[in-house]
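Structures for review follow.
There are two complexes below, and they share chain A, which is joined by chain B in the first and by chain C in the second.
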Partner chain A sequence: MHIPDGFIPLWQCVIYYIVVIIVGYFAVKWAKENLDERKIPLLAVLAAGIFAIQAMNIPIPWGTSGHMVGAAIVAILLGSPFAGFLVLAIVLIIQGIAFGDGGLTTLGVNIFNMGIVGGFVGYYGFKGLKPLISKIPAVFVAAFLSLFISAILCVVELYFAGTFPLATGFYFMGLYHFVIGIVGEGLISTIVFIAINKIRPDLISSGAI
Partner chain B sequence: MNSKNKKFLVIGIIIAIVIAALAPFLASSNPDGLESATEKLNPQALEIEPVHESPMPDYMIPSFGESPISGSIAIIIGVIIVFALAYTAGIVLKRRN
Partner chain C sequence: MNISINTIEQESCKNSIIHDLDGRIKLILTFIVIIYAVYTTDLLVLLLMEMYLIALVLLSKISLSYFAKRILMILPFGGFIAIFQPFLKAGAVLYTLPFGLTITYEGVVFGALLLSRLIICLSTVVLLSSVTPLESIVNSMRKLGFPKEIAMILSMTIRYLFLFFDELENIRNAQKSRCFNIWNKKTSYLWRLKQVGYTIMMIFLKSFEKGEFVYFSMLGRGYTGEAVAYNKQSKIVKLDYFIIILTVAIIILIELFHLNGII
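Moving on to the complex of A and B:
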């Protein structure tokens, strides 16, 4: 879902950059008030793992492939959407600058979609669903929703950019990311949650236990 | 850092590096969801050049050619950079008592 350069007019790119800078300010504030030193290894390992797993595209039908985003599981494990934002911002900056994955003009919109939308939908989705469907299913559904809703918003952005038509944009992006959301985001996030819950439950945010 | 956290860190990095090393061998080379949708909806958009030249385009080291090994090395370098940056960000931004 990394939008390349040229897909969005520059003036619109600036708007996304401004939103990212504002959220970034609050993310830094969150970290300075809440980021426990003992959680730093989890944060760094999740960032490294997400970068690696994003390089391994999973095949889906229709000659297409996809990968997880990861903001949801970071937000759930570390107990804040801002944690998902920080990790994805780092991953996306390196992908954009060093690997040409996602443009530099579109770095703002990519951090907006995957870091902000992914982190907030994942965190609040999990929080809202946990009492209804229990912990593990809530991780799966919240992770799925985080990717799917990011993809749907991506279509709206590309519509305003004049790059995608709305209806067929929803159809193709929705179809592909429905599958990627299940096998990429939902399944892998659930596995990561179960694994960390088993080996180091003390690292998981108290809200997710 | 206590030994429990050190162990977690080492195991975590090893898992990330193993995924990175295997990625070019296992990954699907099909276009991703956005690229696939663009091919159908607005193929001209895919012709646009990026605004900067990245040192490891498409997760490959240019001087090593387009082989899976070149890909593995590029992605492992990325894993290490991302890990170092995230760890540093954590140390700089952590809560102070």
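Moving on to the complex of A and C:
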């Protein structure tokens, strides 16, 4: 889902950058006001962890593999969509600048898709669904939605950029990410949530319990 | 074909004229070249840019095969979309294939443009990361006015990045020595998935615990939530100015030639 350089025209990249900078401003403000100082090193180390997790292949039925994004589970565990946004922004900046995974001009759009949409859909999806379908299924559905909606947005963005037609994009990206969403993001996030809940429940933010 | 994160870092610590440039200059150059490559729509312009980049690679004494390998490793991500362009764009049909597939002229041109742009941008990023250690890139970002809070998290992240890749490698080796293979069809799919899930969960837990641990050791050294980082002061020297002026001059020249229809 990392859109590379050259696939989005410059003027559209600027729009995504502006959105990311605005959300980034609020995220930093949130971090200063609500995050106690012990969480700052945690965000940093978690970003390094997510980086390694994204390098891990998860087997997907028909012989391919996908990887987890992780915005939703971070947002749920730390109790704020901004946490998901910050961690993913850090990961994507390093991937873009140092490894060429994603791009520099498209850094804005990638942070928008995975950080903002992933974090917010994951967190508010979980918050909204928890009273309806209880905690664990809510983690699953929220994590699935966070990945699936980002993928769909990615198709729409590539369509606006004139790089990929909408219908074909929905078909291929939609189908592929539907499966990755269920297996890679949904199931794995649920396993992580259940395990952390069992072993170190104190690590989960009070909002999520 | 696999180049580990450690190899990349080792390569970036070598010595050459390009390695010695100031991190800020290298970062700015990277942005200039990439923005120009995304802006332009001419294949010949992109070819000239790639030649300039390869000249820089040669100057930096990075082996060309290492350079090419790294680009090839990342290329599939976007190359896939570029390669399918000929079948997707409407336009003058060049060739009709069975199953109603057609190759169009516009599609071929657009696909070639995307692919060339991608190669230029990847070349630039690979060059940057091959001649600049991660830590220097992050410090340069901080010096160029990147928000302080995020720059601090960034510089901590890159410190632990290598640790977590080692951690991941350890887990993989442990699994391999027990004959675990995510593609092994003899074990049930759900079971394999569960194992991967546990691995990821372990990395999560380890990063949580490492995060706490780091916090306590920072606290022990007087951390109060404000980050003060002392960076080695580096001066921008004549060579830095020279390279940046040269690059901008080359880009302007190429663009002028292009506008006047010479290329």
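We take it that the second predicted complex is superposed on the first by the 197 of 209 C-alpha atoms of A that agree within 3 Å, B and C clash if a C-alpha of one lies under 4 Å from a C-alpha of the other, contacts with A are read in each partner's own complex, and residues count from 1 in each chain.
Keep this in mind: a contact is a pair of C-beta atoms (placed from the backbone, for glycine too) under 8 Å apart; a residue touches a chain by one contact, two chains touch by 3 or more.
Quick caveat: nothing in here was measured; it's all calculated off a predicted structure.
Visitor: Return fit or clash for chain B versus chain C, each positioned on chain A through the superposition.
Guide: clash
Visitor: Mind working out whether A:I97 is in touch with chain B, chain C, both or neither, as first, second, both or neither?
Guide: both
Visitor: Per the contact definition in the header, classify A:L10: touching chain B only (first), chain C only (second), both, or neither.
Guide: second
Visitor: Check whether A:N34 is in contact with chain B, with chain C, with both or with neither, and answer first, second, both or neither.
Guide: first
Visitor: Is A:V19 in contact with chain B, with chain C, with both, or with neither (first, second, both, neither)?
Guide: In the superposed model, A:V19 contacts neither chain B nor chain C.
Visitor: Go through the superposed model and pick first if A:H177 touches only chain B, second if only chain C, both, or neither.
Guide: first
Visitor: Looking at A:G49, would you say it contacts chain B, chain C, both, or neither? Reply first, second, both or neither.
Guide: After superposing on A, A:G49 lies in contact with both chain B and chain C.
Visitor: So, does A:A151 touch the first partner chain B, the second partner chain C, both, or neither?
Guide: Only chain B is touched by A:A151; chain C is not.
Visitor: Between chain B and chain C, whom does A:G66 touch in the aligned arrangement: first, second, both, or neither?
Guide: First partner only, chain B.
Visitor: Overlap the chain B and chain C contact sets on chain A and report the shared residues.
Guide: Shared contact residues on chain A (touching chain B in one complex, chain C in the other): 2-7, 28, 31-32, 37-38, 40-53, 55-59, 65, 86, 90-91, 94, 96-101, 103-105, 163-165, 168, 199-200, 203.
Visitor: Could you pull out which chain A residues touch chain B in their complex?
Guide: Chain A reaches chain B through residues 1-7, 28, 31-53, 55-60, 62-67, 86-87, 90-91, 94-101, 103-105, 151, 154, 163-165, 168-169, 172-173, 176-177, 180, 199-200, 203.
Visitor: Looking at the complex, which residues from chain B come into contact with chain A?
Guide: Listed in rising order, the residues are 1, 4-5, 8-9, 12-13, 15-17, 19-20, 22-24, 26-34, 36-38, 40-42, 45, 48-59, 71, 74-75, 77-83, 85-87, 89-91, 93-96.
Visitor: Contact residues on chain C for chain A in the complex?
Guide: Those residues of chain C that touch chain A are 8, 27, 30-31, 34-35, 37-39, 70-71, 74, 77-78, 81, 88, 114, 117-118, 120-122, 125-126, 128-129, 134, 137, 147, 149-150, 152-154, 156-161, 163-165, 167-168, 182-183, 189, 192-194, 196-201, 203-208, 210-212, 214-215, 218-219, 223-225.
Visitor: Show which residues of chain A lie in contact with chain C when the two form their complex.
Guide: Going by the criterion above, the answer is residues 2-7, 9-10, 13, 24, 28, 31-32, 37-38, 40-53, 55-59, 61, 65, 68, 73, 86, 89-91, 93-94, 96-101, 103-105, 158, 163-165, 168, 183, 187-188, 191-192, 195-196, 199-200, 203.
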